[in-house]
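To keep things simple, chains are lettered A, B, C, D and E as they appear, and every chain counts its residues starting from 1.
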């Protein structure tokens, strides 16, 4: 899922300085699951903004809305009546949520409240880690399901660099060296020949950015 | 704005029904007095107090918020009081971000038969909030 | 088999636990209590938590008392004693003598008018002994109330809105299917150990005194000077493990409450120095090992029980004990000495044993019939719960109370088939 | 003019190479001094390429200087700073100026250097770089296009004999051998028994793989302990650390040289491997003393 | 905003005492100005039956659908008032209380301020009343079978007492025979009956009862479902089968483990553990060379357990009776805080067993086959004592059985610091777990002697009986509710619930959502707070109710 993190409050306050009435839009899918932009966090952010504006003596009215997915045209259009009442929209969706709103309401300034960080999974309660970089040329079949492009700092395709330090990565003694993990996994499955093969340089342009996927009609 | 001396802080106290609320009752039955501007709100467990409730209390003009739960390792719901402690810490950071003094929200632990401890906490916090003065949200300071 | 009724004698934490469990399973319970209110010894104990809870379970007692008060299946028969019993399991006939408590618990709404208007000074003749009482009834204190000093005064009777006060004696009779005896224990009277100076020196307290001090106030001050104690000694096994005075058993609770108090005292004023004199430190029990390890860092433990405590000056006491490491008598001065008194069997368990026909075991606790069942007595249908059968701490008394209720239900179910 | 390194390698002689760290600027005075000091004493001179991700005078430039002054340079290339097109272009240029030896490295990560926010390229890795050299030799570039004039290189790589865990490192070593690496310069070696075990494995693989044992000068006991904990794949036995500790203040470098010399002499006498690669890391001055101590 | 809300406010001045402090009719007048307050009643003793009947009549006559009671603390009579509301035909949860006695008039002597605060408290209760929601009562039928894991004395006793209460029990035991430690112990002192006798009587009772179904050499693998219908997967031999139960009782006891490195010596023919000694005592007739002097050492690797000092005392007396050799026990603090232990300690001394107390642990060495122990005897002012002995019995630490850790995590049951079942929390004593319907008995959750373990057995029997005897449990349906449309199934609530009362469930057979099992939920509300999509709402303590209580902040009505 897409993982995001809320921006610090003063950055957000700078963006919406001067507006009297704004709409904060939450997104009900990925950012809810990673506790960043769900209905709860929308309420917390609006409460903080109201507190701050009251403290500074300027007037601020906030409308709140959380839709199922911000990256869906029809769902964003449903916000029309609320958007018309406000001067600016603060989106708590990931990057792929802020832009549809900006596109569908072109004359309305739309601001991001979150920093989208990576595609990942939960590691513990309230902790998420990156597991996929969406490189467009998946390599997982060759490494027993451990992605070296994400989990190896240098993204090597051909076995460990000289910097493996007791199974940990040279640059961070907390992080495991991806290729040590891959070696153990392949050894366990008896598929070490996958690691012995030579892999040519990666096609960095497998997906011409910004990517586009066109599937044949279902 | 009321004169400093006459400032009577509005303190909201979320009291866990298993311990703090009964401690408040015990204080009453033992006729131990504590400031009357402590406003007690009964909750099933300290773990029921949400970050949002505390922020909304400040929005409505509270000068200080107290979360009173069971002692550690004595919570009927095992992790209720620990979650409450972590949430109070988060509210501290949220308030600092806004520019309100984080010391306006605090958590204490009590047992149901500690009436005098409830009164002592109420008095101490009342004095501390008096020093801090009215909440900047209310007076737009 | 449902709506049979059971008599529980004794309103302490064990009796209350039995009564609640029986009521929750559909039984009508008569909870007979000698005193004016239920709660027993543990009702006045204090919470000993510092940062974290010290697992003493004292706070469970007021909770259970509230549950009993709110449970309609349990009728409280206070100020009463069992004076006779006949019949057998399934149809016991129990004669009760209800001493005049003068305030009818059914009517009293604990509004407090009587206390306000009562003319007795300084201590009122009618009051609510402590907050969480059940039944919520004000009591008349015979050695305060003017009426018992010959004066014709009925101020409280006239002003009581609920008409709850009357002054005559009522005998009562109950029909029950089973009986649970939960009459509890007596705190060992430290005066029997004269050399330790309890009762003579004001700064020598017992564990029970500490419980009361912490329950009402928030910290301990020296009775003689009102300051904070800086140097405190706990003396263990006062009245326990002492064959000489007939208490050849370990009371199981004193080591635990002594360590909990020591930690609480140091939590309240960190420079206080605490010493505990012991024979064998009882540190078994769930999670108590870690608690002892924490105590060991700040509390001084000395093996060997002092023989004498005497007075050096109004605020200073001197403890005489044999210092085993040097093998000679040593004297140390303390400003507060706490005697960890143990649990002794009630002196009046003889009459109840005679009335009910149940045997008394060694040391004066009630005896059990079958070695593997700590509730069944020699009379079928009469069961034991709590410290009246042997020394126990609060969680175990609760567990033992529930065991008695469980055996009652099992026996009555077996009879019903 | 020095002999081509390729011939020295195949001549069966005990090969000795050393390493020069170019300066962080354009004042080449010390660099030239080091070149002149070492160019005739060793069979070839490596030139580091932005070592430890610290920006310096380029390796290719230094190699040209060595070539002009009659030395035999080994061009070190890392994949951190240039993408595949830049690497290919540099090799074409190097070949035309007579630089025939290249050491293919992956390179240290960007964040341990002094430009922590720069973009790390890593378009290729060391193995793919080796393959690229072979492809260029066959007259084609990585895009598959014909070259007008091919190149010819003696390409080598590195290996860490005491990496932990060792198995993945050996798999990569075998892949490098298959890729046609003609010589290997290893990470610093201090425990010759371990190294012998590694060499036994290498000989079992292929008789004529040329291995040059890496010799790093120990400057102090503290440095030895530091390398043990933080430098991956380096294991300084406690006996050497204690020996270093015995040396007083001024005599520590001397003790380091003595140890290095002893290691070289033992490698040479027992013919453990095909030569040594002396890395003085900032102390190029003392390399001649190390050579002397090693009896070369 | 009259959306059918008809509020009834009932004030109680507690026998006139509160009226002296404030004018209740003034309060009544102010309240009557509010649009949705249809009735305000003042009474003197709402806690008595008489006034409650009057209140019930008022609610019915005036058609009140939300009741506010301003009186003493809800902790005292909330239940009675809920019954009154229910008997008046209104849902019992539509009641809101203001505690104007303990937390207002009794705590604040200043009459004026107390009156103002009381008014605010009543205002807050009214605001909360406007957001109250009804909660229906339902009956959930439960499976009446009970699963007992562990066939030691505790498990057997629990099964027997459950069958006395007419509950069908399945007793699962890992070994091939029942009995557990009874098969191993030589005697049960201070209990004066032999283990063989106890085992014989208990097994006879198990055999005679038709309610007990024994499954030996079987193991519990996993449990799913909730209290009332657990489905337990049990492995027997190489087959596995699933069976449903209403409650589960763990009586898996403890295992002992000798740690040679703490002791610094290895076992040998003359250094044996307590369990080896017990085997020797059990088959005392065949013992060839009778040990003349035996020495017990405890309190080195396991200072705070009751089990090893008790077995030392028991076996010391056993040796004195069987072999009449010299016996000496070395310990730091002898644990005597159990029924009859002090008497047992005295019996040992009367039989000539020597007790030596130490502060720093003894040095044990072996010289030509003989064992030599040097220890500073604390009671002899630290004098060095050397004890030659030809048999040394060392202490075994009692540790949780291996599967406690595994089952503890798969069944979401909390463990304590040493890894035994049941977290260290007074509300769980004596036999509860953090999950409804799962109970612990015996030494698997605490350090107990035999009589305490048997007390646990009766406790769990009654707990299971109380839960399952009627075959159905009355419970408040959906008192904490998950809105399936909003739930993103992010598992946060399932992980956060301390009682593991939330399971995954399929809604209209494709969308996965979290679902709260009403029987297992204890109403703490933690899930409602952690839910990032605000999909969970506790009906009694909803956010709207709590936030409504802030409306009056700042102005005293």
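Operating definition for what follows: a residue touches a chain if its C-beta (ideal position, glycine included) is under 8 Å from a C-beta of that chain, and two chains touch if they have at least 3 such contacts.
Source: prediction; values computed, not measured.
Undergrad: Given the touch definition stated above, what is the smallest step count connecting chain A to chain E?
TA: 1
Undergrad: Going by the touch criterion stated earlier, list every chain that contacts chain A and also contacts chain D.
TA: Joint contacts: the list comes back empty.
Undergrad: Taking each chain's centre as the mean of its Cα atoms, which chain lies farthest from chain E?
TA: Using the mean of the C-alpha atoms as each chain's centre, the farthest one from chain E is D.
Undergrad: Which two chains have the most C-beta pairs in contact?
TA: C-E
Undergrad: If every chain is reduced to the average of its C-alpha atoms, which one ends up farthest from chain A?
TA: Farthest by centroid: C.
Undergrad: Please tell me the distance, in whole Å, between the geometric centres of chain B and chain D computed from their C-alpha atoms.
TA: Once rounded, the distance between the two centres reads 67 Å.
Undergrad: How many angstrom lie between the centres of chain B and chain C, each centre taken as the mean Cα position?
TA: The separation of the two C-alpha centroids amounts to 35 Å.
Undergrad: Let me have the rounded angstrom distance from the C-alpha centre of chain C over to the C-alpha centre of chain D, please.
TA: Measuring from centre to centre gives 84 Å for this pair.
Undergrad: Two or more other chains touching the same residue: where does that happen in chain E?
TA: 75, 424-427, 496, in rising order.
Undergrad: Residues of chain C that touch two or more other chains: which are they?
TA: If we look for residues of chain C contacting two or more partner chains, we find 53, 55, 59.
Undergrad: Which residues of chain A are in contact with two or more other chains?
TA: Residues 40, 43 of chain A each touch two or more of the other chains.
Undergrad: Going by the touch rule stated at the top, which chains touch which?
TA: A-B, A-D, A-E, B-C, B-E, C-E
Undergrad: How about chain C: which of its residues touch chain E in the complex?
TA: 21, 24-25, 53, 55-57, 59-60, 66, 69-70, 107, 109, 111-113, 136, 161-162, 241, 243, 248-250, 252, 255, 278, 280-290, 292, 303, 324-327, 362, 371-375, 390, 395-396, 398-400, 402-403, 405-407, 409-410, 413-414
Undergrad: Contact residues on chain B for chain E in the complex?
TA: Checking each residue of chain B against chain E gives 10, 12, 17, 21-22, 24-25, 27-29, 31-34, 36, 39-45, 47-53, 56-57, 60-62, 73-80, 83, 87, 138.
Undergrad: Hey, which residues of chain A end up touching chain D in the complex?
TA: 153-167, 170-171, 179-180, 182-183, 187, 192, 195-196, 198, 200-201, 204
Undergrad: Given the complex with chain A, which residues does chain B contribute to the contact?
TA: The contact residues of chain B facing chain A are 51-52, 55-56, 58-59, 94-95, 97-100, 136-138, 140-141.
Undergrad: Could you please specify the touching residues of chain E with respect to chain A in the complex?
TA: Chain E reaches chain A through residues 486, 488, 490, 492, 495-496, 531-534.
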